[in-house]
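Input: a single structure, listed below in C-alpha cells.
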Amino acid sequence: MKRHLFSIGLITSFVLSAVAHYSGIFNSTLQLILSCIAIIYVAGFLGKATESVAHYAGQRLGGFLNATFGNAAELIIAFFLVKEAKFEIVKASITGSIIGNLLLVLGLSLLVGGLKYKEQSFNVKLASHNGSLMLLAVIALFIPAAFASTLTPQDTSTLSIVVAVILVVSYLLWLFFSMVTHKDILTDEAIEHGEPAWSKKLSIFFLVLATAMVAVQSEWLVGTLEVFTHQYGLSELFVGAFVIAIIGNAAEHSAAIMLARKNKIGAAVEIAVGSSLQIALFVAPVLVLISLMFGKTMDIVFTTFELVAIGVAAIIAKSISQDGSTNWYEGVLLLVVYCILGIAFFLV
Amino acid sequence: MKRHLFSIGLITSFVLSAVAHYSGIFNSTLQLILSCIAIIYVAGFLGKATESVAHYAGQRLGGFLNATFGNAAELIIAFFLVKEAKFEIVKASITGSIIGNLLLVLGLSLLVGGLKYKEQSFNVKLASHNGSLMLLAVIALFIPAAFASTLTPQDTSTLSIVVAVILVVSYLLWLFFSMVTHKDILTDEAIEHGEPAWSKKLSIFFLVLATAMVAVQSEWLVGTLEVFTHQYGLSELFVGAFVIAIIGNAAEHSAAIMLARKNKIGAAVEIAVGSSLQIALFVAPVLVLISLMFGKTMDIVFTTFELVAIGVAAIIAKSISQDGSTNWYEGVLLLVVYCILGIAFFLV
Amino acid sequence: MKRHLFSIGLITSFVLSAVAHYSGIFNSTLQLILSCIAIIYVAGFLGKATESVAHYAGQRLGGFLNATFGNAAELIIAFFLVKEAKFEIVKASITGSIIGNLLLVLGLSLLVGGLKYKEQSFNVKLASHNGSLMLLAVIALFIPAAFASTLTPQDTSTLSIVVAVILVVSYLLWLFFSMVTHKDILTDEAIEHGEPAWSKKLSIFFLVLATAMVAVQSEWLVGTLEVFTHQYGLSELFVGAFVIAIIGNAAEHSAAIMLARKNKIGAAVEIAVGSSLQIALFVAPVLVLISLMFGKTMDIVFTTFELVAIGVAAIIAKSISQDGSTNWYEGVLLLVVYCILGIAFFLV
C-alpha cells in the first residue's frame, strides 16, 4: 500500500516536472517547487534501489555500495553544475551539505529523540573516530584556502588536485578500516534494512533507472534554479548552501529523525555524521577530479564564509557527540548554530 | 561581628566615594581607587541580598534569581556605558569578564586548591555541557565578526539583533534544561548558602537598595574611569578588558577561591565557568537589546583581538576542565595565558 | 659489534664531511648529503652520551638532563642560524620540528605499531596533560602574531621577550610538576635505558665531545644548506620546515618507531609529543633570549603559514591521542595531514 503511494508520487512528480520543463507554461517558483518534489522522490527511489542491490551484493560489498551511493543524488546534481563550470555554487552546496548534516539533521535528530528519551547514548569509539576524520576534512579544506592567496592559479590547481587525490585515498582506507580491519570495534546498533523490495535483476535495473532519473531531474533543477535565483536576487552562496543542500539531503533528514524517535540514536548520528564525512572526503574531491575531464579545473579553495561555516559546524558537532550521550538541549545548540549561519549567509 | 565590619565598610566606602564624586577635591587616581572599593562593597551587598531573596523564593525560582542576578553589577555598569554609547568599552569589558572568569578566577582557584590537594575532581557531565555552551558563545560572537566586513551597517545591526535574541532564548532554554529537565544529572556539590541574613521583607528591601547603590556607583565609576584613562594614556581596550573586568568580578574571585580551598572545586568551576557563560549568552545580548531603547544599536561585532582572547580562553579552559580533574599546574597554565593576553592588550 | 659499526660510521661521516667542507671538491648536493649523514651520526652520539650521563646523575636530575638535552642538536643548529640572524629559517625549522614530531614521527609510530597490533593504548592522563600543554604552546605562538600587525617593532620585541620568559618558566614548572609533585600519576611504561655504555668520567667527556662535534657539524651544515637552497631555488620556508627538521629529528624518528613496534606506544607518543612540546616551550623561547646576546632580537612572530601548520598539527594530534588508544588508521590520518602541509609549503 505504502509502496504503491510512493510509486504514484514518483511517477506523477516526474511527469509534472517534465511538463514544466518542456512546456515552460509555469512560472519559475512553481517550476522550482515541482523540480524539488520530483528530486526528493527520485532520490528516495535511488536510495531504495541501492539498498536492495546492496542486500544481494553481500555484507561487505553491500556496505561499500551503500556508503558510496549514499550521496549519489548530490554527486549527480553537482556533476551537472561542474559541467557548466558553476564552481561557486558547487562549493556552496558542498558546504551546505556538510553543515546541513552536522547541524540540521543531527540537531533535529537529537532534539526529537531527546524530547522522547531523557538521555540517549551511542558507541563512543565511533564518535571519536568520526571526530578525527571530520577534523581531517576541515584541515584538508582549510589548508588550500590558507595558502591560495600567495599561489599562482597554476599552483592552486596542482594543490587542489593533489589534496583531492589524498582525500579520496584516505576515504578508501577509512572504508577498509571500518569495514574490514576494525569492523567489530566500530559497530553500533545496525541500521535495519529489512527484506529487499525487489528481485536481484529488478534491483539492478531499478538502480540504473533511478540513477538516470536523478541525472535528468538534476539537470532540470539546475536550470530552474538559475532562473529563480536571478529573478529573486538571491545570492548563489545562499541558494547553494541552504536551498540545494536541504533538498539534496531530504532522504537523510527523514531517515535520521525516524531512527532517533526509535531510540536508535547511534544509527541517526552515523547517518548525519557519516554523510557529511562522505561529502567532504569523497564527493568534494571527486568533483575536483571530474572537473579535469571538462578541461577547466575546479579548485578546492573555499571562501572564508564557507570555511567558517564548515569549521564551526565540525567543532560544535564534535564537542557534542564526543561523550557518546545526547539530550534535547544538545539538539537545540546545533540548531541554534545552524540558524545563526543561515541568517549570516542570507544577509551576505 | 564580621557582618558589622562589612556594613561599616559598605557605608564608609560609599560615602567617601560620594564625597570624591561631588566635591572633586581628590585627584583622579584616588577617586578611581575610592570608586573601585565602593563598587566592590556594593556588589558584595547586592550578592548577599540576591542570595537572601533567592532563599525565600524557593529552590527553583531561587536558582533562577541567583543565575540572572549573579552578574547584575556588571550588567548595571555596562548599562551606563551603553547609555553613553561607549560601545567599544562595553565590548572590551564583556571580553574582559569572560577571560577574567575563565583564566584568572578559574586559574587562581585551581592553583590555590591544587597547592592544598594533589588532585581535585568534579562532575564531568557538567564540564562537558559547559564546554559545549562555551563553544556556542564563541561561535555566536565569532560569526558576526567573520561576516561583518562584507555587510552594510544596516545588515550588521539586523544580524546583531537576531543573534542577540537567539542567544537569550538559548540561555533561557539552558536554565530550563539545567534546572528542570536534567537537574539531577548536572548537580555537583551544591554551593552552600547557609541561613539567610535577613527576614523576607528586609531581603527584598535590601535587594532594591543594593541595586540602586550599584547603579549610582557604576555611573560615578564610569565618569572617573574616563578621566583616569585619558590622563594616563591607557587604551579603552585595556581598561575595559582588564581594569573594569577585574573590579566587576571581585565577588566571584573571592568566592571561587574560598571554595577551592575547601576542596569544593566543582562549585568553584561552576562559578567561574557559569559566570562567563552568563556574560556571553545573557549579558552581552541583553546589552545589544538595551541599546535599541537608546536609539543607537550596539552591534555584536567584536574586534579581532577580543575574539582571539575569548577564543583562546574558551579553548584552554575547555581542554583543562574536560577530564573533570584538576591540579595546580593546570591553574598555572590558565594564569600564564591570562598574563600573555594582558601584556598583549597593554601594548596594543 | 653494533657499537663498533656506529663508531666507524660516526668517524667516517665526520671526516668525509670535514673534507667536503674544507676542500670544496664536491658539488653542493653531495656536500649536503655528507653533512646530513654526519649530523645524524653526531646527534645519535650526543643522545647516547646524554643518556649515559643521565644514568649516573640519578633518576630525577637524569630525567631533567634527558629532557633538556633531548633537543640539544636542534638547539645547536638553531644557535648558529640565530647568530647569523637567519631568523626566518630558524622559525621555519622550529615549525618543522613541531609538525615533524606531531605528524611524521607520531604518524609513522602509530602506523607501524598499528600494522602489528590491532589496538595499542597508553596513559590517558598524560595524553590529556600533553594536550593542554600543546594548546598553551600554540596559544603562546599565536597571540604575538595576532597582535603584531598593530604593534611597533619595539613593542613586538618586548612582547616576544616577555612571552619567551613566561614560556621558559612554564616549562620549568612543568618539569617540576611531572618529575616531582605528580610523578606517579603521569608515569607510563618507562622508556628502557639499559646499562650505560661508558664509565662516569668517559660519559662526561663524551658529552662534551659530542656537543662540540654537533656544534661544528651544525655550522658546516648551515653553510652548505645556504648554497644548496640558492642553487635549486627552494624557499627557506620549505628547507627549514621540512629538510632541516627531518634531519634534526632523525634520532627521535627511529627511537619512536622502534618502541611502537615493541608495543610500547606510550613511550613512542611521549617521545614524539614531548619533543614537540620541548621545541615550542623551551627551544623556541631560549632562542629568542639567545638572540638578545647578539644584539638583534629575534621576535616570536611566526608567519600565518607556520601558525596554520602548527595549529593544525596540534589539533589533529590532540584529537587522535586524547582517547588513549591508537590504531593504524590514526597513523594514516597524521601522515596525510603532513603530506598536505608538505605540498603546500613546497608550492609557496
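Points worth noting:
All chains are identified by letter, namely A, B and C, in their written order; residue positions are counted from 1 within each chain.
We take it that contacts are C-beta pairs under 8 Å (C-beta built on N, C-alpha and C of every residue); 3 or more make two chains touch, one makes a residue touch a chain.
Bear in mind that the values here come from a model prediction, so they are computed numbers and not experimental data.
Where subunit A touches subunit C, under half of the residue numbers in use are shared by the two copies, so each contributes mostly different positions. Rounded to the nearest 5, the angle that brings the Cα atoms of subunit B onto subunit C is 120°. Between the Cα centres of subunit A and subunit C there is a gap of 41 Å. Taken residue by residue, subunit C touches two or more other chains at no position, since every residue touches fewer. Remark: subunit B residues 124-125, 128-129, 131-133, 135-136, 139-140, 142-144, 146-147, 150-151, 155, 158-159, 162-163, 166, 170, 173-174, 177, 181-182, 185, 318 touch subunit A in the complex.
Subunit A meets subunit B in the complex at residues 118-119, 304-305, 308, 312, 315-316, 319-320, 322-323, 327-330, 332-333, 336-337, 339-341, 343-344, 347-348.
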